[in-house]
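There are structures below to look over.
Shared between the two complexes below is chain A, which pairs with chain B and chain C, respectively.
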Partner chain A sequence: MGRLGRVVLLAGPLLWVIGANIAPLIEMARISLLDTYPAPPGHPARYSLDSYAAFLTSPIYRGAFFHSLVLAAAITVLALLVTYPLAYLIAIRTKPRRRARRLLLLIVPFWTSEIVRAFAIMLLLANRGAVNATIHWLGVVNAPLPLLYNQFSVGFGMLYAALLAMLLPVYAALERLPPDVLNAAASAGAGPWSRLVRVTLPLTRDGIAAGCALVFLTSLGAFAVPTLLGGAGTTLFSMTIGSMFASSAGRWPLGAAFGLIMLGSGLGVVGLIMRMARRHEIAPG
Partner chain B sequence: MTREPVASGHIPVTRRAVLRTAATLGLAAPAVLRTHRGDAAGVLSVTAYDGFIPPALKQQFEADTGIQVRVRLASSQAPELNLLVAEQPNPLTDICTVTGNRIHQFFDAQVIEPLDTKRLKNWSRINPLYTETDWIVVDGATMAVPLLLGAEVLIYNTKQVTPVPDSWGAMFDPRYKRRTAYVIEDFLQCTMLYQGADGTFAAYIDTPEVAQRAVNAARDLLIRNKGNVLKFYEDGAVLQQLLVNEDVVLAQAYAGAPAKLIMDGQPIRFVIPNEGSISFVYNFAVVKNAPNRDNAYRFLDALLGYKDIGDVITRSAGYASTFIGAGMTLTELERQAFLLTPDQLKRIKFASY
Partner chain C sequence: MMRPAGRHGVLHALYRTVVVWLFLPLALILLMSTTDSPIVGFPVERFTMRWYGDVLTDRDVLRAFSYSCVAAGGSAALALAVGLWTALAVTALRNAFMRTALFCGACLPIVTPGIVSAISLRMFIRLLGLDPGFAAIVLGHGIHAAPFIVIMLTVRLRMMPTNLVDAARTLGANQVRAFLHVTLPWLYPAMAGATVRALLESFDDFLRSFFLGGYQATLPVMIYGRLFSGLSPEINAIAAIVLMLTISIGVAGERLFRRERPT
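What follows is the complex of A and B.
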């Protein structure tokens, strides 16, 4: 391929990255430094750091921020705990010709939109939903259990939404695991637990790290699920940011600043995850 | 180095060809984009809430005039205003939806322009109660076409809430712990009415410190009673879900939200509490610098002249309409679902900032 061909080939992706990823971030950073946006005609905005100061000085905003961080971390851990055995079952314990079919069964629900799935969870957990109707019919409870519009429903919905992002990288890592390695460990006398902890987990570390990074970032920025399934006491930072952009009182700078703070902290945590994964990497040879 | 054009059927990829194509696309782009802005003679773009343009009206207007009506859905005023401000001075829409309490804000933001009512021969079909009022006039000019009447109402489940509530205070009743829902900004104003303050803020134009005290008092009451709230909702569909599943039994909402549930036979009704309620009118306004201004006026006049428009638009949008003689063709159940009784109408206060 000639030089021009390479340029043409690279131009598309490069323009995409610049136009779709970098340019909006630069615009967001610019807006975060304004005192109002959109500015009405004839009233130009001034540059200011007030939006960043508001985050540092307001416990309400900081509370929502830390709530989001803790919840995203918890969802990441739970997603790994739920997904890893499933992925292991399909990638290691299932015959190769059946793997694709079983993986497909797990993926199919994610073909619908996030909103539809959130409404489906509502139908499941509502006062007159399937779960309450069933346990009431069984005579377990007289009054419906409060399953919806609380931390439980938000956690449940976010965990469900995050499973695919964890499943695929972990499954890919497990499928790449050479069967001979596990057989060798078993021949050497390693029991199932020992094989899992000393062989399987370390060798699938890359997949785990990638899955954790994806789940953490998507959970930190989750908006639709917590908005639909959350209640009066479950406000997340993403919802706070969303409310800034939905306001007509010139609060976009606040939303932009908070969005960048969330992005920065999310990337920081992902950096830590990747660093931890690399630190324990097995040296080649 | 020069490259020979390929002799076969393939298109030769040369530096010059790439540059020429890029330049052509660059030159053509404004024309293409201009078309998408709805600049063609036969196009009209309307930013409206769901149901505000009855499908039958749209169909007939398009058939009669050949003008294609493109509807851009809006769901609340703030994002709509942000979008309109961002699009100026080259808006992508010709008509926008503006509530009566926001007309001054939209005008100050320079996104709507005064209405030339002389171009609307059916203007007189609107009840003068809504056309001869102060909130629709800015600097002596009428700004919009009033269409539908929205009011904050207290919705209740007839099986689970007894007796029928007659005060916003029912929302703070400990019997309904985690069984209520509201939109924070809207219910704050209702709470101000409950506390004897002016939820429309009209009384505080010259006394912002008094307004601040009233807001703080309402805010504190809401915070003290936060335990009663299951959900702060934003979307009418979510509220309907909450009511159908009996997750909540009391809620503040706009009058249109419970209409569908009442029509579906759900045990849902609404009241205007004794303390009163905030009301406003949904209007259509012509967007400043509208690319299809003439089409906008043709559409507005066709809307005003459409047969039984008052009831047609009420059925479509779920709100009482502003037209003279509206309600004549509605059934009894539709009246319960969509209309306010004369007693209820007496208790509403129009918001105007």
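What follows is the complex of A and C.
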């Protein structure tokens, strides 16, 4: 390929990455440092750190932030616990020609909109929903259980949404695992538990780390599911951020700063996860 | 090493439980969309199709639906063009650092938390002088969908036998002809799969549409708005239609993608 051809081939994607992927984040960072935005006529905006100070001094904002971090971490751990055995079953304990079908069955529900999935969970958990109707019909309790519009329903919906993001990277890592390795461990006398802890888990840590990173970031930024399924006292940081843009009251700098705080802390946690995965590179034992 | 399935009874039980857990809520949508009661709730006593009739003659729903479809088409076309170009550039780069940097940069929207993506795009379109509305949604959805296309096409390009293009060149094809008659046909199945993915990403999207949309709502934004006024049979029927539509598109895309893939 000619030199000119290579330059043209590269220029488009490079422009897109900078102009469409990075530029919005830079604009967000810039607005987070302004005192007002959009600036009222006649009063040019000045640079200030007020928005960041507001975060540090307000227990409400910090509370929502920590709530989001803890919830995202919990969802990540739960998603891994649910998904890893499934991925193991499909990638290692299923005949190759049946793998695609088993995997597909877990993927299909994620082709629909998150709004539709949230609505489906409402039908399941509402006071007159499927679960409460079943319990009532069985005659276990008289009053419906409060399953919707609380922490439980938010966690339920977010875990549901997180499964696919965890499943695919973990499955890909398990599928790459050479069967010989497990056979060798077995013939060397390693029991099932020892094979899992000393061979399978360490050798699939890349997939685990990637899945955890993806689930943590998406859970941190989830907005529709916690808004629809949550209630009083379940305010997450994403909802705080969203509310800064809902009204025309000009709270964009605050929302931008909070968005940057979320992105920074999210990527920070992901960096930690990746470092942990790398540190265990030397197989333990 | 392969053992009879019975040895992994716990794993199979877990698998079945999760499949039921994933499908049960969705099945409830289909079931409840046919119940003849103005209040959504159990028990279901009589069945009707009238909510579907109501929805299919509701002008607001039809307008939101066509708006969503056109936005999905536009953003998928944008994402496909950008994604194809980027995948070709990533594959052509010989410098490993540059290749990784471009690929990671192109995948940035995937790792940006949803709300951060939505609000940063909201501020970005203001910078561009764009009002919330159709163009903003197409751009936002295109930016969000492009990484999926980059990944799918890069994987496919890496599987391409390196001597295919060389052979075409030796046989006298110039670069453009070699690209059009060798590389592009090799990519068709992946492009079909990637396009379906981009269409679904856009049609399903709520967050970006919510923050980038103008007066006219996309279908998910409309459902979201109506959900705040309580569960109603009409929303249920809309959700059922969206559910059936998106899953059929996904299944069709999956078949298209798998069938044309050489084994």
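List of remarks:
Heads up, the rule we're going with is that the second predicted complex is superposed on the first by the 276 of 285 C-alpha atoms of A that agree within 3 Å, B and C clash if a C-alpha of one lies under 4 Å from a C-alpha of the other, contacts with A are read in each partner's own complex, and residues count from 1 in each chain.
One rule holds in what follows: contacts are C-beta pairs under 8 Å (C-beta built on N, C-alpha and C of every residue); 3 or more make two chains touch, one makes a residue touch a chain.
Remember, it's a predicted structure, so these values are computed and weren't measured experimentally.
Model built by superposing both complexes on chain A: chain B and chain C clash.
Contact with both chain B and chain C is seen for A:228 once the two complexes are overlaid on the shared chain.
Contacts of A:22 after superposition: chain C is touched, whereas chain B is not reached. Contact with both chain B and chain C is seen for A:129 once the two complexes are overlaid on the shared chain. One of chain B and chain C touches more residues of chain A, and that partner is C.
Once the two complexes are laid over each other on the shared chain, residue contacts for A:113 go to chain C alone; chain B is not touched. Of the two partner chains placed by superposition, only chain B is touched by A:149; chain C is not. When the two complexes are overlaid on their common chain A, residue A:256 makes contact with chain C while staying clear of chain B. When the two structures are aligned on the shared chain, A:4 is found in touch with chain B, with no touch to chain C. Once chain A of one complex is fitted onto chain A of the other, the partner contacts of A:266 are limited to chain C, with no touch recorded for chain B. In the superposed model, A:67 lies in contact with neither chain B nor chain C.
Residues 5, 38, 119, 122, 126-129, 228, 245, 252 of chain A contact both chain B in one complex and chain C in the other. On the side of chain A, the complex with chain C involves touching residues 1, 5-6, 9-10, 12-14, 16-18, 20-25, 27-28, 31, 38, 82, 85-86, 88-90, 93, 95, 100, 102, 104-106, 108-109, 111-124, 126-130, 132-133, 137, 160, 163, 179, 182-183, 186, 213-214, 217-218, 220-224, 228, 238, 241-242, 244-245, 252, 255-256, 259-260, 262-263, 266-267, 270. Across the complex, chain A is touched by residues 1-3, 5, 8, 11-12, 14-15, 18-19, 21-26, 28-29, 32, 39-43, 82, 85-86, 88-90, 92-93, 102, 105-106, 108-124, 126-127, 139, 143, 146, 175, 200, 203-207, 210-211, 219-220, 223-224, 227, 231, 235-236, 239, 242-243, 246-247, 249-251, 254, 258 of chain C. Residues 4-5, 8, 38, 40-42, 119, 122, 126-129, 146, 148-149, 227-228, 230-233, 245-249, 252 of chain A touch chain B in their complex. In the complex of the two chains, the chain B residues touching chain A come out as 13-15, 18, 76-79, 81-82, 85-86, 88, 105, 108-110, 178, 226, 229-232, 234, 238, 241, 244-247.
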